[in-house]
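Okay, so subunit A shows up in both of these, paired with subunit B first and subunit C after.
This part shows the complex of A and B:
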């Protein structure tokens, strides 16, 4: 991957370098698409609030290989001088260079932005922004290891909501999120990267299970409307499970502190 | 504040007042502690923070490590890529260490390009790794003049509570020790390099070392392993890198000078600490 030329602010390597090419790539991909759990099962979740001591609130989430750290700073004063009655939510996503199979050169690309928008959408309607006029809440997300973009968006939304709760920011409810992929005629929940690549379409659902409200749905690829609704239903069921994990981890963190 | 809360302060009131005092008069706050031979986090001057090292947990990297030094947390991942060597150094691979201090790790940093601090730290880390000769660059050669390995040693700070240099160097060295490279063959006819997934071998590291940082306050108080609160208040910052045979690799002192005695004392303490850290790897 080419480095951004002449970046004096970093230690630069050679002008060009390439990801190694393996002689048995196809075999490897076939091996990875095999699913070791049932179609309706999600990967085990490890969630720990409050790991980042410098932040107002934080959460670390691990779903099998996917590892994401999230920190909330603020609310702080908005920099722009125009008056706004509602607070702003600022979501920034960053991939570590070693988070994907190919190295990501440390320049902001379009994927960070689109991920940030999806996560923003998933959590923004849960926060009582009307309580923070002229203020901005910063949510910073670092993806340490990525195993499927869909799973990353879902896990990062859960982590962001947990971190916001840890920061003591008023919300209507905790957000949980789950993803699904159509593989053949089956619905596989929480697909890994190889599974998502082999699928014909994906759905990511974010909701507030306590209020039985949906905050964001993101469907891509082709599938029948029936299938999409079925995916959403399955995701919603899992979101209720995830919600209890989030609530439990927050409760344990509070009682330990 | 009402007079009753002054006469009968509750524990919560006291904590809040201490926090405000710390914000407004950080230096005086620290001096109150040092006068009692203690530091704000309860450590004595020469006490280190607890260090934990966890290697190989990131499967997308060729080698990885997570280091926690007190609350400071640094993740390091090594990615190996194939590149063409420099014309005048046909057998030398590349070692490219970088440290990122993203906005997530501290309210000090804002999103955007690397801060001055990140640039300085990256440069010092590069110097430490290159000048120490931790890895012979010719061992990264696949085919002279055609293909060599480039090792990108990227570190990201997740939680910044001071002494990022020591934590990052430890993470980078642990990640390099954990790194395995696939067996690569260069095909002279096609000019392509292919690797085997099954056949991997670890890097041959030439030297083992560790760095130790101190902060000196008023020439007499030597605080080891300073936190993010203490770091900017120090008169002198001192970093000593020693290898496992007790040989000096680098000494970096900045700020108002210190006496020779203090320096020698710090070096001998650094040797002690380096062998402690080596045991963790």
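This part shows the complex of A and C:
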């Protein structure tokens, strides 16, 4: 039970306390999944590189209620003594305690890691790791507010790629990512949490639009192969838009510096 | 802990554009009139195709894919004759042999120190490439290995020169000169390495009793002025070189040191490349304004300083 004490340096709050959660009836679900935008539209993106002064590169992304800060440190020498020809990329994801509907204890759990793995996969192939022998690039992602885990993965991948570019790390291209969910028979792009919960399956696509390469596809739930391909196609179109947002924010940041 | 800097303020960007290139290079930049040579520096993002590889050579920050030269960092496109490079604005320091760097000891290992010099890998300072106290020239013995922490300890700052590279790209430093060695009597200011140009001398003495060491890796040491000792190589003061004690620094010098430190911070915030004459002018301007050391960091004083400098420059 040593673990249950939690981190004694933090204010841990009561052990267990939940606000009452009521069952949503059909009406509510319908209301929540009703979108104020078209099925093929994504939430508006605010992206700002260079917000964290002590990091080598950083980015802050906000898509409606999803808010994510990303910091990049490195390339710096790997602490272990083993020699490696290629550089290493570490991705660490943290949720703030107030990021979700329920309080999240500041302890690493399985979800952090699965998020980190998918973000790692989305960006690792864009970085020219062969140029950084013996070095490590650390990417720290803090999820300040979470509205749908698929949107988080997509936004975090975009933020991470922006932060890497801000840090001046050599890359093949900028990565942008987009998510899609199947609600009923429709494809909703960039689903919110309520939409994702009501959906039968989701797809997250990460790609480098400048090179027309796909870096990662993540599909869960059940859907027909046809549907999955259609989702990827729609996501890819949006990725091209997101790419221009990323490029523009980087260029604006450069001219302002 | 995260600290957020304020949202980027719009600054007058004409100043640093006008000083973008070294004057010697400036003429080479506009050889003929194609899309690579505009008066405005062209900005690019990773993955963007810059030009075809048939007519141009690829430089740093680019790669070639199917006859296209593609940018791999976000920054400004630069061209010298046929060589196209992309220079990232915030990046790690790329060492070259002969560069003067300021670094911090991170680790003591058998017969070597590991030094953080803002590079991609830790720099290495071999025991064989430091001066022994007393100035005697001899092979380093086992007894020297045992007292390595008497020379440099973890956390110590030092100034050194890049001597060579190892096969894996890590740089090897040396401090075999009286100018190099442990640093004391001052403070460290870090700026983006791109802002420190190669100068005739990186040891600058300002007339206000402040010495500056402009490390090419972006680490700048601001310290009390040291009197030039005219002792030869042989008889240098053993105690002083590896001493950990600061000398007495009077209040006027302390104020001057922090004032110079703040000037550098302000100039770096506005992305102005640092030179000795610029720092001297900036210091004179600040004295004219009759503010104390911290006044520069408050309100519009920093913007005013940069504006005043751009008028003179």
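In this text, the second predicted complex is superposed on the first by the 232 of 257 C-alpha atoms of A that agree within 3 Å, B and C clash if a C-alpha of one lies under 4 Å from a C-alpha of the other, contacts with A are read in each partner's own complex, and residues count from 1 in each chain.
The criterion applied here is as follows: a residue touches a chain if its C-beta (ideal position, glycine included) is under 8 Å from a C-beta of that chain, and two chains touch if they have at least 3 such contacts.
What you see is a predicted model, and the numbers here were worked out from it, not measured in a lab.
In the superposition on chain A, A:148 makes contact with neither subunit B nor subunit C. In the superposition on chain A, A:201 makes contact with neither subunit B nor subunit C. In the superposition on chain A, A:51 makes contact with both subunit B and subunit C.
After overlaying the two complexes on the shared chain, residue contacts for A:20 are found with subunit B alone; subunit C is out of touch. Judged by the touch definition given at the top, the superposed model places A:98 against subunit B, while subunit C stays out of reach. Shared-chain residue A:71: touches subunit B and subunit C both.
Once the two complexes are overlaid on chain A, the subunit A residues touched by subunit B in the first and by subunit C in the second are 51-54, 69, 71, 142. Across the complex, subunit A meets subunit C through its residues 48, 50-54, 56-57, 69, 71, 74-77, 83, 126, 128, 132-135, 142, 165-174, 208-211, 246-247, 250-251, 253-257.
Interface residues of subunit B, counted against subunit A in their complex, comprise 57-61, 64, 71, 73, 75, 77-86, 94, 96-98, 100, 102-107, 111, 113-114, 119, 122-123, 126, 150, 152, 154, 156, 158-161, 182, 184, 192-198, 228. Remark: subunit A residues 1, 9-14, 16-24, 28, 51-55, 65, 67, 69-71, 73, 92, 94, 96-101, 103, 106, 138, 140-142, 144-147 touch subunit B in the complex. Those residues of subunit C that touch subunit A in the shared complex are 2-5, 7-11, 13, 43, 45-49, 61, 63, 65, 70, 72-76, 88-92, 120-122, 168-170, 271.
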